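As written, the chains take the letters A, B, C and D, and residue 1 is the first residue of each chain.
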């Protein structure tokens, strides 16, 4: 610290009563305290309850429930399914994430038009139901460790494609996912950024979504999380359940191997 | 816009209705529109029946130093003082200061938590109004930060 | 619309499956690159002002840097130098020779993180996103750490009078860096604010003022 | 119809902490929509709670209570198995009641 900076520091201490460095420390401690105060009573619980109800309810043109939906561990198995997705499904011959798989089930079992749901904007109509279902299904794997399969060739391929997407720079700002999530210990404004090119640890990044966003009072699944990342990257719009979003999820999910899921979480 | 007299008349009517419905001893409050329409802390407390504002260490305000987002700020009021009628939470710089009123009740502790929206950094007030109208308050500044990418 | 897209993606996968059928070791790097391109084309669409070309037709700088990032290897020196030279050549210097604008307006631009997303309006002024990644004025505690602190930027570089001949080189560097960061570091994380049309010439001038003007709070 | 509340009532000694989450927009009346028109206020105004049918809580809320509201209060003397019911009523007259058992 040079003399001037020292003097400036002392001056600001005298005038404003708080040195910038101190304010800094207080800010991050203060935010931890704020988050702790909100931890009890996550509104995501409202969506969990709704999702569980939707799973069991007879709905759609076929007036059926989703209780026979195969999320990868056999028809109707919900517990533990979330921490193994995305994965390859033989019936669709595709790698699918939780939300695109739910749409497949809503189409096959209940008779909904899957393409119509995929076209519906987030936060409207059946998309709200997909989010609530994903929230409940995620909650049923709370505390379990991520363990995505890389056995099928398409799963390996999607990981490789996802890695390329993670590092793909573009848009007006040259941003890639890695611009913000490629290094340890960085932040945007006051928000800590998880490093996602390897496991960011328990309950961080991929292991924290779906999450309730306090800033807008909305429940977000991984599809919307990625969609809004791409929006802020100034990229064009990624289709709901598109291969790009699923490949990227595969990359993030495989990297998160061993991390404990806390979803549904509470986020800024 | 409702006149104060109309509001009072309506409140009285609702109170009578509730009394006849079998809760005679419970201090049932109809929505106090005047208090919630007040812009300032002072006016809101006055509309809720508070006559004098006095700072007090016996009223505890729970609030974070800093809020990561102003849309959800956890705030609470508690007090062990006897004779409390109403407990109020207010945000000074919100367009309408009053957030919530909790009626004190023998069945409950005077200890309430909720979450408020804050448009900007502001003092938050916890006010306990006693039977004689005295309004005892505690306050704390909560910093609201601009989060995320700002987009 | 969606059906067509799904079909397209599935077709890509089918072609890919055929490709690897006789190949036990999996697809080659080139095949994966080609598949990624196909998936990008099938997955993204134009929305609002965010045209699909923003990701299907990126320039050589982004292409080379993305490839280097994904491979985990740094760009080779020759390519890096060529990228920097090309970006440097594209810098538009102030048309009236004035490098330093109003730091107060620069601060507003630095604070603003909006603009150019698919939910933004083309008519609104874009922000510079500066505080998202940098500390600038110490009064603002909500700043990011992806880029270095810019507090005392001008002061630390000895700029005491922006009109002095000694300051000229620093004015040019600062302008150039804000206009096109890749002119100085090929794969910098920093957006090319002038080059990509994020900020106007006048806005760049104000941001340079925020960083270099001795009166700016940055240099107090 | 509004979505159900989540009510948790946990007894510890002679005190029972009741935490309630409600599903509600809590529109402030200050916000403008895309067309520049003010979105009218739509918020919970009154909240009441009963303990085994007897009213114990009465609260009034303004527009500044957060979307999907949370509330916590502490009941004296309830015990496991007791019923806690919470009712909210908003400024459009819509109302919802949900019940939980003290654990």
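Methods note: contacts are C-beta pairs under 8 Å (C-beta built on N, C-alpha and C of every residue); 3 or more make two chains touch, one makes a residue touch a chain.
Keep in mind that what you see is a predicted model, and the values were worked out from it rather than measured.
Set against one another, A-B and B-D show the most C-beta pairs in contact at B-D. Distances from each chain's CA mean to the overall CA mean are smallest for chain A. Work out the mean CA point of chain A and of chain B, and you get 37 Å between them. Centre-to-centre separation of chain B and chain D, using mean CA positions: 16 Å.
Chain A and chain D have Cα centroids separated by 29 Å. The centroid of the Cα atoms in chain C and the matching centroid in chain D are 47 Å apart. Contacts with at least two other chains are made by residues 71-74, 115, 145-151 of chain B. Shared interface positions of chain D, defined as residues touching 2 or more other chains, are 26, 66-67, 70, 72.
Looking at chain C, residues 117, 129, 131-132, 141-142 sit in touch with two or more other chains.
The residues of chain C lying in touch with chain A in their complex are 1-3, 5-6, 9-10, 12-13, 16-17, 20, 26-27, 32-33, 35-36, 39-40, 42-47, 50-52, 54-55, 58, 61-62, 65-66, 69-70, 116-119, 129, 131-133, 138, 141-146, 152, 155, 182, 189, 191-192, 196-198, 220. Considering their complex, residues 23, 26-32, 35-36, 71-74, 76, 91, 94-96, 98-103, 105-109, 111-118 of chain B touch chain D. Chain B meets chain A in the complex at residues 62, 64-69, 71-74, 115, 143, 145-151.
Put simply, chain A touches chain D in their complex at residues 40-41, 43, 45-46, 49-50, 212, 214, 217.
In the complex of the two chains, the chain D residues touching chain B come out as 15, 26, 28, 30, 45-46, 51, 54-67, 69-77, 91.
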